[in-house]
Each structure stands twice: as C-alpha cells, then as structure tokens.
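These notes are about the structure you will find just below.
Letters are used for the chains, namely A, B, C, D and E, taken in the order the chains are written, and counting of residues starts over at 1 for each.
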Amino acid sequence: MPINYYIFLSVALFCIGVAGVLTRRNAIIIFMCIELMLNSVNLLLVAFSKMHHAAAVTGDPNAGINGQLFVFFIMVVAAAEVSVGLAIIAMLYRNTHSVDVNFLNRLKH
Amino acid sequence: MTQFLFWFLSALALFSAIMVVISKNPVHSVLWLIVVFFTISGHYILLNAQFLAIVNLIVYAGAIMVLFLFVIMLMNLNAETEPQKNKWLKMAGVIGGGALLLVLVAALKHADTRNQLAQTGGGDIGLIHNLGIALFKEYVIPFEISSVLFLSAMVGAVVIGKKE
Amino acid sequence: MIPVLLIAVPLVAGLLAFLMKDGGARGLALFASLLTLVVAIWSVAEPNGSKLLEINTDWISGAINSRFALSMDGLAKILCLLTAISFPVIFISTWGEQYRKAKNFFGLMLLSQAGMLGVFLAADALLFYFFWEIALVPVYFLASQWGGERRIQATFKFFVYTFFGSLMMLIAIIYIAQHNHDHSFSLGAFYSARGTIKGSEQTWLFWLMFLAFAIKMPIFPFHTWQPDTYEQAPAAVTMVLSGVMVKMGIYGLIRWLAPVLNLGTYIWGDTVSALCITGMIYASLIALRQDDLKRLVAYSSIAHMGLMCLAVFATTESGMQGVMIQIFNHGINIIGLWVIVYLIEKRFHTRKISELGGMAEKSPALTAMLVIVALANIALPLTNGFVGEFLMFTGVYGSKATTYNVVFTVTAALTIILAAVYMLNMVQKVCYGGANKLTEQSLVLKPNEKMVLVVIVILILLVGVYPDPLLQLTRSASESILAKMNFNP
Amino acid sequence: MNAIIIAAVLGVIMMFSGLFLKKSSSIAALATISMLVLLVVTVMDLSGYHFFPVDTHGMLYFDVFGLLFDCIVFAATLILFLLNAKDIAAIGHNPGEYFALIFFVLCGVVIASSFNTLLMLFLGIEIMSIPLYILTGSNKRNLKSNEASLKYLLMGAFSTGLMLLGIAFVYGATERGTFVVDELAFGRAVISPLMIAGILLIIASMAFKVSAVPFHFWAPDVYDGAPTPVTSFMATVVKGAAFIAFIRLFGDAFGTMRPQWKLFIALIAAATLLIGNITAVFQQSAKRMLAYSSVAHVGFMLFALITLNTLAKEGILLYIAVYCAATIGLFAVIARMKDYSFEGFNGLASRYPGLALLITIFLLSLAGIPFTGGFLAKYYMIAALIQDGHMLWLVILSLICAAISIYYYFRIIQAMYFREGSGQELEIGRGFTGWLSLLAVIIVVLGIFPYWLLDRLYIIYI
Amino acid sequence: MANYIYLVPLFPLIGFLINGLLRKSLSKSLSGIIGSGTVLASFIVSLLIFFQVKEPDFQPQTVFLFHFLRVGHFNIPFSFLVDPLSSLFLLIITGVGFLIHLYSTAYMHDEDGPAFAKYFCYLNLFVFSMLLLVLGSNFVILFIGWEGVGLCSYLLIGYWFKNIEYASAAKKAFVMNRIGDVGFLIAIFALIARFDSASFDAVFGQASKASTGFLTMVTLLLLIGAMGKSAQIPLYTWLPDAMAGPTPVSALIHAATMVTAGIYMIARSHILYDLAPVSQTVVAIVGLTTAIFAATIAIKQNDIKKVLAYSTVSQLGYMFLGLGVGAYTGAVFHVMTHAFFKALLFLGAGSVIHAMGGEQDIRKMGALKKHLPITHITFLLACLAIAGIPPFSGFFSKDEILSAAYEKNPVYYVIGVAGAMMTAFYMFRLYATTFRGSFRGTADQQHHLHESPAAMTFPLVVLAILAVIGGFVGIPEVFAKDAHLLGKFLDPVLSTAKTSHEVMPASTEWMLMLVSAGLALLMVILAWTRFSRKPELNEASGFGKVLANKWYVDELYDAIVVKPLNAFADFLNRVVEKGVIDGIVNGVGRLVQYGSRQLRYLQSGLVGGYVLLMVVGIILLFVVQLFLRK
C-alpha cells in the first residue's frame, strides 16, 4: 500500500479525535477521543515501520522494528494514563456528580 | 484482496471514529470506539504486525475500553445526562478539527515519501519472536523504566481512588 | 585600591547599618560618608594614572568575559568628589529628621551611595550596568517608603521608566561587547569597538543606549517621571536623586556612549541637540508656572541637564570641560536648593510659593542663602554655575560637529533669560513683600543647617572664582574622550 | 544512571514508608533524607563515581550538562523538602505516596535530561506527567484541586497525542527509520515536509510541557489549583526538566535544521513573553500571578532554544537554578499563608522584616535586577540571542516585557513595605527562615559569581 | 603702581565681606566708615595709578592675577588691564562712588543696623563689580563685572524688599539686563570661536582678519548687551522703574556708573565697530532714537526721580550717538560729565526727598530754594550743566558729540539738537516746579523742611564743582589748540577714532555750538518762566497723557511678550506636559493594564476553549510554515 494512504488515514483519524476533544463536554468521551488519537498514531507508526522495513537496502532483518516497539510502549503508557485518568474522573464525579468539563471553571482568568 | 480490505477497514475506521464523536449516548461511543480498534487491528494484520494486532485487541479493546465502559456504567451516564455543548463552540470545534486536517494534509501533500510503500503481508518484524528479542535486548531499559510508570500509575490510582 | 575603598566604605557601612539601632545608624552613616569623603579627597590628590587608582581582577569569565575593573580619571574623580561631598551634606542638613525605621533609611542611603560610586568608577561595561541598577534600587525603596502621599505611584513610575531605559542600554552593551575585537566588556575594548561596528549599526545602537541616559538625565520628552518623583520623595532622597543620580545619565553619555559610538553620536548629534534645546526651553517655560517649590526646582534641573547634554554633543574641549565641571556644580547647587526648600517646608509646612512670601524679613540668613544658591543656579558670574555654563555655551557655539551651532547657541541661550525669570520670580514671591501669617515666624537656622549651607555657599563661590584646579583635574579625561569622539566625515 | 535507579528505589521505599512510619513528620524527614541521598549520588555521578555500569544500548546518554541539571533540580527539590516537606505531608492522608510520586517524577526528570532516543523522551515525559496528574489532584476534597487535576490530565494527554503524531512523522521522514536523536537528521539532503510537520507538532507538544503560549493555558489554572508545594515543584523542577528535554531534543536531534524551526520558537517566545507578562499584571492572587510569571519566564528560557550556543547552554542552567531558587522560596512562603492575595502581603515587612527582605530578594531576582541571579540569567539569554543575530526585535520585545514584569513583582514589594496592614500570622520557624536565607544567598552568589555553578560544566571527571 | 591694581577692587571687596558677614555686630557708624573708607582707599590707589598712566611713556599694562578658565586651546586669565580708558573710569567710579557712599551714610541713617550694613555691603559689592568691569583685560572679566553690577542693581533696587512693587522693579531690571547679557554672551562665544581668545589685545589685534559680516554680527550682539545695560530702546523700561531703590543708589548705579558700562564696552571694542560701519549706524540710530524718545517722556513726568531717570536714558542715548558717529572720546567725555551732573542731580533730588519726608511728586513741592539753599544751588548748576549751557561741563561733552554727529550726517545733528532742547526744557521744568513758585505740600511737610546734614551736602558741593569745571578737560580745538586734554589722554586707546575737528571748518563748528547752546538757553528761559509761576498740577490729557504714560511701552511689552509667554507656558504646563507627554507615558501603563484585563478572558477556564486555542496555535504554525516562509 502506498504510505500516503496510511498517512492520510491516520491524520484523518487523528483529526476526528481532535474534533471530538473539541466538541464534547463529557470528560470520559474526551478521554476516549484522545485514545482514538493515540491509536491513529499507532497505526501510522506501524505503517512507517513497515515502510522502513521494505526500504532497508541492506536487508537488515530488524529494520523498522523500532516503530512497532514504540507502538508497544505507547500502549503501555496509554494504559497507565487511562487508569490514572479514570481514577481522577471518578474522584471528580464523586465530588461533583458530573463529568461535564465546562462545569469545571472555578479556575479562570 | 489486500486493497479491498484496506479500503474497507479504512472506511469503517473513519465512519466508526465519526460515530464515536457524534454519538449522544456515551455507551454507544465506547462501542464505536471498540469498532475502531478492531479496524485498526485489522490494519495491523494487513501490515503483518500480528503481535500488535493482538495486543491492541487485548489491551485496548479488551482492558481499556472495558474500564471505560465500567466507569460509564458506574456513573450511570446516558444520552439524557450527556451535557449539551453550545452550538457555536461545537461549530468552532468542528472547524478547528477540520482546519487542522486541512493544514496537515496541505503540509504533507508534497511529502517525498509519497512514492514509498508500506509493506503489507511480507516482513516478519511484527512477529512476537522478533519483537520479543528486540524488546528484551536493546529495549530492556525502556521496558524496565516503564515499570516505574506503572508503579506510579498504580500508586496514583490508589491515592486518588481510596476513600478517605 | 582607592576605588575599592570608595565603594566598600559605604557598602559595608550600609550593610552594618541595617543591623544597628536607629540612632547608631545615623551616626554610622555620617561617619561612613565622611570617611568616603576623605577617601575621595585622597583620590583627587593622587595623580592621574597612579596605580592606586586602578583595580582589575577576574570576575565572570567564560562566555561572558567581564572583569571587575575599576579606574579613576579626572571625570571619575570629580564625580566621586561630588558624591562624597553630597552625602555628608545631606545627612547633616537633615540631621533632625525623624525617620520611621531609621536604620533602614540610612542603610539604603549608603547602599545607593556605593552604587553610584560604582557607576562612576566602573571600567567594565557589565559592572557599570550592575552598579547602574544597584544605585537605583535603594533609591526606589527610600522614595517609596519615606515619601509623600502619592509616593508609591510616583516612584514606581520612576523605577519602571528608568529600568526600561537601562534595559535598552543593556542590549547595546551586549551588542558592543560581542562585536568588539576581543569580545570583552572592558572600557578599552569598548573604545576600540568603533573599528568593528559599522555606521548602520551605530545608528540604532546609539538610541538604545541614549534612551537610558536620556531618561536618567532626563532629556525631553523622557522627563515626566522627574517632577513627580522629586515632589514625592523625602528631602534627603530628592537630594540624592537630583544631586548625584541624574549625573549618572550625563556621565554614562560621556563615558560609555559618545566615545564608543562616535559615528552614531555624530549622526544623531543634531537630533539630540534639538531635543535638548526644546527640553531646555520647554522646562524653563513650565518652571515659570509652577507653584510648588519642588516642582520648580525639578523643572529647572531638567533645563540644566539639557544644556549639559547639548554641550556633550558639541564635541569641543570647552564644552566637554564645561560639562564636567558643571556636573559638579549643578550637584552642589541643586542640593543647596533642596536643603533650603526642605528647611522652608519643615518650618512653614508648605511648599506652595503662593502661600509663602516676605520670608526675608524674619529669616534673613536663609533668604541670603536662597538668593546665593538661586543666583548660582542661574549662572551668575563668580558663582560656580557661570563657569560651567559659560564653557558649555562656548563649546556649543564653537562646535564643528554640527552646522547649526549658532542656531543652537542662540535658542539655548534663551533659557539664560527664562532661568532668571523663574528663579527670581520664586525668590521674589518667597522672600520679598510683607510677611504673612506663615512667614511671621522666624526661621532660625540650626548649627547643622547653617554649616551645610555655608559649605555649599563656599563651594559655590570658590569654584566660581577659582575653577582652575577642577578644570585641570578633568582636562586629560576630557581630551582623551574628545579624541575618541572625534569623527571626520 | 545512578539517579534513575536510586530515584526509583527511593520512590518504592517511600511508597512503603507509610507502613512503618505512622507520623507524617517522620515520613517527611525520611523523604528529606532520601532526597539528600539522591542528590549525593547524582553529584557523585557527576564527579565520576558511577555505581551502576548499565549498558543502555544507546537509549540514554549521560553528559555533564544533563547531570549538572539533575544536580540543580535535585538540590532545588531538597530545599523544597526542607521548606515544605511538612506541607506536602499535610496535603492528604497518604504522605508516603505523595513523596513516592515525587521520586518517580524525579526519575522521569533524569530520563528527560538524558534521553538519547525519542522513545526515552516520550517515556521520561510521561513518567514526569502521570504522577503529577495525581499530585495535582491530591487534595481530594478541594474542588479546585480536582479541577486542576482533570484539566491537566485531559490537556496533558492531548499534548501527548500531538507529540506522538509528531514523533511518528519524524520517524517516517528519517532515512532508515530511527528514533535515535543523533541519527534523525542523517542522510537526507532535502528536509522532508513530513519532518517539518513532525517538528512543528513536537514543538507544540513541548511548548505545552514548558507552558509556552499558546499552549500554556493549563498552567495558570493547574498551578493555581494544585496544592502549593506541588505547584512549586511543578513550576520549577518539572518545567526545568521539560525545558532541558526540549533543548536536548532540538539541539542534538534537530540542531542541523535550526533555520527551519528557529522562527517558530521565536514566535512562540514572543507570544509567551507578551501574554505571560501582560496577563500577570491584572492578577489579584500572588499564587496565580506567580503562575503567569512562570509562563513569562519561559519566554526568556526559550531564547536558549532559539540560539543553542555556549551562552545559551550555560545560561539556561543558571536560569533554571536561580528561577528555581526564587520560585521555590516564594511558593514556600505562599504555602504558609492563608490569604495569598496581594492584600495578604500588606504590612508584612513590619511584622516579619527578615522574611520580607528574603521575599524581596526573590522578587528582585525574578524581575532581573542586578546582583541577583535573575539578572545574569536573563542576561545570558539576551546575550545569546544578540550573539545569534537577526532577532533584535525579540530582544527589545523581551526587555519591554521585563519592564512590564516589574509591575507585578513590585506589587508584592509595595504591599509588604509601603502599604499599611496588620500582616497575617504565619507559621514560620527558625529553620524555615534559615533555609529561605540559604536560597537568597544562593541567588545573590549566583548573581555575582555565576561561575561557581557554571564552571562545573567544564570540569569533567573520568 | 599698576602692579598693585588689584588693590583697587580688593578694598571694596573687603568692605563687602566685612559688612556682609558682620552686619549684625557692626555699629552703624562703623559700617558707614568701612563702606566709604574702602572706596576712598580705592580712589586713592586709582589716583596714584592715574598719575602713572598719565605719564607720556606709559604703556598699557596687563596684570595677571590667576588662571580663570583654562581649557584646551583657549585660556581666559583673571587679569586686569591698566590703560588710560580704564584708569579714567576708575577715577569716576571710585571718586563719584566715594562721594555717594559718604552721602549715603547720612541719607540711609533711618535704617536699622543690619539693614544699614547690608546697604553698604551691596554698595561695596557694586563698586567691586564695576571695577572688575572696567579693569578686566578680556571680555569675560568684563562680563563678570557686567553681570555683577546687574546683580547689585537688582539687590539695591529691591533693597526695600517689603514693598513687592520694588521687588518687581528689581526683577524687571535684572531680567531686561539679562536679555542684553545674552546678546553680549553670544558675542563673546563668537569671538572665542573665531579667535580662540577673549582678551582685548588678541581680539582687537586680529580683528582686521575677520570678515565684515562676522564683525557686524559680533558688534550688533555687543550692542544688544549695551542696550540692556545702558537702557537703550527697546530695553530701557527697567531704568525708570529702578528708581524704586534708595536715591543714592540711583545716583551711583543708575546714573553715574553702571548704566554707562555699555558705553565703556563699546568704546573699549571700538576697533570692531570701526570695521563694521553698519553696526555704527545702528548704534547711532539707537542712541538718537532713545535720546529723543526718553526726552519726550521726561517732559510729562511728575516724579522727581522719574524725570531724572528718563533724562538719564536720554543722555545715554547721546552717548550712543557719539559712539555711533565715531566720537568715542566725546562719548567717554560725556560719560564723565554726566557722571558728575547726573549724580549731583540725583543726590540733590535725594536731599529734596529727604527733606520732604519721602515725597517724590514735584507737584507737591515748590519754593524749596529757601529751605534747601545748598541743594538748590548745586541742583541749579547741575541743571545748567545738563542743559548744555556754556561753560558748564555738559556743554563741552554734548557739543563734541553733536558736532561729530553733524559731520556724519546733519540729520543726526538736527534731531540731537531737538533732544537737547527738550532736555533743557524738562530739566528746568523740574527745577522750577521744585524750587520755585510756592510750596504745595502739607503743613506737616513744610514744618519739617530742612537742609541736609554735611555728609550729604559735602558731596553735593564737590560734585557741583566738578559739574561746573569738568568740561574744561575737553575744550574743543576751536577754542585752543591742544586743549583737549582728555582726548590726548585717551588717544592711545581710542586713537583710531577719527577726530572730527581736523576736517570740519572752524566756522561751521562755531555755528553748531551757537545754535545748540542758543536753543538750549531759549528752552531754559521758557521753562523757567513758565513753571515757576504756574506749575503743571493737573493730570495730563491728550497727547500729554500718552507721554505721561510713557507711550504705553510697558503695556505694549506686557501685551506682546509677557502675557503670550505666560499663556504659552500655561498651555505647556496644563496641556502638553500633563496631557500629551505624561499622558503618553501613563497611557502606556494603562494600555498594559487594559490589555491585561482583556487578555484574561482568553483564560476562560474551559478545557474545550484551551484545546481549541492550542489547535489554533498549531494551525497558525502550519500556516506560517506553508504560506509565509516561501
């Protein structure tokens, strides 16, 4: 597959995620949209990894493997982030009974 | 076949992603997001990144999204409780996302990578064997260090979640 | 050796003062300032070029390359002398003043003295900048803490304004330091910078640097901080500000700008001169309409500083020497004026000219002093003011750096008339006529006040009659600076 | 390597300290001692005593610059503990965990200052961020703290997304597919648009981490909402680390492409200076004002990134050191104040003259008055920019902003000294004042002899 | 002897210091003795010097005292020049000065101790400054004295400072003098710039090398200085007001010495004027206009001192005319004779005022001749002298000027004679109204009328003698060959001045003399007869009112200079300073605050808003990259 297809697909997914972050007020959905963004990046990284693998002139068997490992670490981080994030959202919900981010504007100006 | 699958998965991914954003009901959003993860795993398989495909399903679709679902259910969020956003801000959000897409595409349109291919099918770097060797040899440091990350996430979750 | 002593004495004493009791601090301040005066006199006695007048040791090496270098030539000597004379005079004249937290007051005063002496002694641009700011900060605190009603706003404006100016100067200093041949901040390297800094660069560098000095002096139209600050600051601080601190501006111009960016100075000479003259006339006219003694003196100071700046740009020997001696004279005269204004305010509780009048009847001694100082301020011959102004005007007229020298002289000379008008107006309205309710009480000078005024009057007359020693003191400094300023298009 | 391992171990120790130590003050003391240990081992690392000869496979790269930075921020943290350990322990019911999280952050700080691949950069930054999300929200009953925590989390995660997209682009644009910083620019004659897009996205995300305009919006809210000691920690140590990471990344990885991205950093720096300083002017709370001030300082620090010359490298360390000292000092005082609006400072000087003097020194340093380190720090930045040339507009703008900054810093001074007020009662002991004085001394010494610190950069122990 | 020249100014200086510093402890008589004695000492030294200078083999001598302004390429020493011109002025100053000091000891006797001492202190300072003025060997020292006398004039006019009017008059005098001084100063700057020196010999020695244009400019500037000091149009208005000072002061400063400084200065620099004919013409025209203009005003004044003041202005005008037509000796001659008779007139007036208990309005006097015999006689002699009646001193000096004027341009002569006629008229109007007719004051005043004490009458007598015989030092050539002693004495200094006598036929000169003397005599008789019988007691009307109000010149100056200047200054103070300049400075501050208040709203507190702004930021980065960098 031409790499451009992957690039544009990922960018499109990423931007949908961004748009989600921008348009939604539910903290959980926003968080999900961020996960969507991360996944689009993962896809792109894997695609690039395969691109570099294919382009490796010397036939290095491991060429491009770092991209996929990076994706692995992104998943690791995302998992940690989600656990912390959901804990925070839950704590907030306990205190305010709301997950509306616009409800949170004590801190401003 | 690959071509077809690619377009199908892509279209489905985009559609599901849009649905994630526009679904009123948070539970639907979660479900659509799981669909997105599945399509992305499909892409991984097309790219012969089998390990990541599986991990993606287990970690993301399996663990993370279940966690999300759990929380949503726990809070009893549904379409009715979903806060409505100001129309203008919504519009601004869509325009913002669209504009970002536009500039990114504009910036990458002439990328010199446009003639390169991502190898589908072939190549075995995505296999668990190769990844495992690399992970525990060259990548042992980040691997170990990510344990700190998990530790802190764990401690954090406890600190935050514990009832006082 | 001597430069270090000059800075160290007030610095150490100032720091000590914070730790002392209020009364002790006052005595310490006076003692330290007198000690500084002794050192300053020693420095004047020391011949130029003496090893004792220099110090040069490592400071910030590496990428910055700045050294702790102090040196004294005639110009520095005369300024140090002025500073060293001013402080005892200020302390003695305000001896009876009761300050809240007096130890802090005296500590800060001494620190500002150390800073100002540092400015005059520094032979390294970065060090110069350091002292430049360090002189400012204590003055800010002094004026804000012990000043009048609107002190906080007024002194804050002063601080921000001058701080802004000095930041602009900092840019120029860094630029010049990076573009001279050995990438150093030393005065010598700065003086050689003209070889490596093109004319087009000098044109904008000039303004960056000049802005700092113009605000400090102040030159029209950067002067509006001054009347407010003088009005609001306590008497002693006003004396420091106008007697010594504004001289930092003109000093900087002579030492760090004109000889360094000689081409820029040449190119902008006419513009700046025009500003100076506008400011002189403008300030004189405004002084004409002031009812507050402090504001009147403030505006008169603006006019005088304008003339000094003008004379620097004339690039002539007499102009330069005139400026150098006038720096000293103006300091003495204006401190004299402030002392008198202070005494009047303390006794009669007003500074409004319209509320005073007829002071000559009951307070003849003070009136006599006021008249003498006022006359010195309007440059009557045989007072020190004349020496300076005469030389400066001669310099401006004889200037080869501009084609408008005659126009400049003639327009600037209008202020000679205007100065007489506003000063004598003031003298008339304050001293003459019948005594009113306020001035019916007589103002008997206390011994300390009398002593200070007598010292000032003696200095006024001494320098006015026999200025030669001071002129010879600054001669070589003036010549060397002029040689560096010289630019043949 | 010493620091990473020890920090992680100490984190674990602190995590379990709650089991053995019941009194929060003893936990605080343990944390302080641990911090001292961490500092000592890092200094030893810098002096050539490496305890853990681990082969990092090129993942990490320890140099004097990074290690010296580590020492600076560890020392800063140590002083922060000395001043505020009690306050940290008093945030909630889990003192041991709070300190553990801080040690984990420090582990991330070391990684961020010594990464050699984009992967380690990413991990380092995440290790710094995730515990901070929690620390920000650690005052669980306080809605402001909750709110700050969520805002930080959402925006932090968003910026992580941006960074990852950027990294992906960069990865795609490299010749052979690499994340190693030295090799990113390798092999390509023409800089690919993909690379530029990647760099721009990384700039955006790093700008977020260091809170540069227009990616700074989280900072005032989070700094305001977080418990004060945490704010202090975030605004100094973490920001410094993010900055060092920023500099290492753009210096080592994208250094050869500097003409491509210099302008963007300059624009961001300009915006940061303007918005940061101007917005700070109208603040009513000292804490929030300091938050904006910390944004404003980033504008100056970014000069180091624009220029990347010797002056910049030396200067950024000095900047971070004196900025940390002053900010930690101020936040330490604010942590002890009930009313930290400007009115709260009224008349402080008459009640606590010594404390007022110290606060004044901190503020003067932040304002950049000579004889305080703050001046030389700013000086280095400006000098670096002037040496680089062609950016005089930015220099002038920055100094205009420096003049504006006087306005808000001096409001506190004015309140303390010149305005009447009863002055609130503060819980301030001898020790507290003593450590604050130490900070003040450091500031003044660095303001006169910066080479006592910066000379370390040039002394290499094998 | 000339080496001891410094003694001449030193004595008054010592007197000044003693009287000034010890004024509270000195008794009045001691102050008086110190004040007068020091001037007498100076006079004696001056006399000795004069005799030395008079020797035919005397060469002008510069006595160096100390370095004053030594700067780079030029050097202005504090040094004195002893030559005929200066020694003549020394005599006038110290001689007349001494007499007036003596007179003052009695005149000022009503003042209390410190004020009395202050008076003598100022007076001594004046003599000191005046001596500096004439002794200086360069323009700068001259200028020092020049401003010094201005200062003393200021202090003495405002001597009775409690009267705010007097203080204002003093200030006016100083300021108007300053206007002239600025001209003088600029001339000095120009000379220094051109010749690198301000000393007389250097400047005059190189004068011929300078262009006429330059010299014209310098001489005109010097003229401005002289106009201020010597009360010429348009800077004369201070002098009548200066009569606010004690009368002896008016006699010394505003008649005999200070106001003639301008003449001295122009005579001193006549070499420059000779090379600048345009300036000479200007000098002549200024002098002539002033002479006639002031005379018209004097006709309608009723204050005894004001009449004398305008008369002084007018006489100074004659001196300027003399300078303008090249009769330098004549001008100096007139300075001398004028010093005698005008000092006499003022002192006489002082005696009258003393007797009248402070009354100065001549309409309230009359028939004083029997009460004040000595005063009356001396006053009459002085009037005759000033009117130019032969053989009194004024005749000779005025004649010398008028004949020189005739030679230059007959029109000058005609106008000059007209002025002289007016002089005779108003002087005898004054004389007649004051001393003749019947007494018109109050009974109380009449009761107190008395002749003044000896200390006052002695100077009157001495001056009267001088006023009568003073003219004989300058007898015109037509009377006797080589009888013009003064001319010969001054020849070494003023030699380049062409003397008219060589070219003018004797018959013409006789005729001129006859015409002027005859017409003056006519006027004397006219005024005498008219005003002794029926003095002018009513307020003047019609044109007379214009004259009585001094042509409304003060009002004119007020309207075109003072008021606009004040209004402009007010405008600057209120509008430009507060509104524009400070407004901009404060405006910047306010702008920042306003910006701060507005920018705060970006910080909306909403995560969505923040993220949107971040996205916008990224988009902007890309936009810059895509569109602006190419």
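Simple rule for what comes next: contacts are C-beta pairs under 8 Å (C-beta built on N, C-alpha and C of every residue); 3 or more make two chains touch, one makes a residue touch a chain.
The shown structure was predicted, so the numbers you read here are calculated from the model rather than taken from an experiment.
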item: Chains touching both chain B and chain D, listed by label; value: A, E
item: Centre-most chain, if every chain is reduced to its averaged C-alpha atoms; value: C
item: Pair exhibiting more inter-chain C-beta contacts, A-E or A-B; value: A-B
item: Chain centre separation (chain D, chain E; CA means) in Å; value: 78
item: Averaged-CA centre spacing for the pair chain E and chain B, given as whole angstrom; value: 102
item: For chain C paired with chain D, centre-to-centre distance based on mean C-alpha positions, whole Å; value: 43
item: Separation of mean Cα positions, chain E and chain C [Å, integer]; value: 37
item: For chain D, residues that touch 2 or more chains besides their own; value: 119, 123, 126, 130, 133-134, 137, 140-141, 150-151, 154, 158, 169, 172, 194, 196-197, 200, 220-221, 407
item: Multi-chain contact residues (two or more partners), chain A; value: 3, 7, 11, 14, 17-18, 21-23, 25, 30-31, 48-49, 51, 53, 55, 63-64, 66, 69, 73, 77, 80-81, 84, 87-89, 91, 101-102, 104-108
item: Chain E residues counted as touching two or more neighbouring chains; value: 589, 600, 603, 605, 607-609, 611-612, 615-616, 618, 622, 625
item: Each pair of chains that touches, named by its two labels; value: A-B, A-D, A-E, B-D, B-E, C-D, C-E, D-E
item: Chain E-touching residues of chain C, taken from the complex the two chains share; value: 157, 160-161, 221, 223-225, 282, 285-286, 288-290, 316-318, 321-322, 358, 360-361, 364, 375, 380-382, 386-387, 390-391, 393-394, 396-398, 409-410, 413-414, 416-417, 420-421, 424-425, 428, 431-434, 466-468, 471-472, 475, 478-479
item: Touching residues on chain E, where the partner in the complex is chain B; value: 608-609, 612, 615-616, 618-619, 622-623, 625-626
item: Residues of chain D defined as touching chain E within the complex; value: 150-151, 154-155, 158-159, 162, 196-197, 200-201, 203-204, 208, 213-215, 217-218, 220-221, 263-264, 267, 275, 278-282, 404, 407
item: Complex interface listing, chain B residues touching chain E; value: 85, 89, 92-93, 96-97, 99-100, 103-104, 106-107
item: Residue ranges of chain D touching chain B (in the complex, touch as defined); value: 4, 8, 11-12, 15, 54, 56-60, 92-94, 97-98, 100-101, 104-105, 107-108, 111, 119-120, 123, 126-127, 130-131, 133-134, 137-138, 140-141, 169, 172-173, 190, 192-194, 196-197, 200
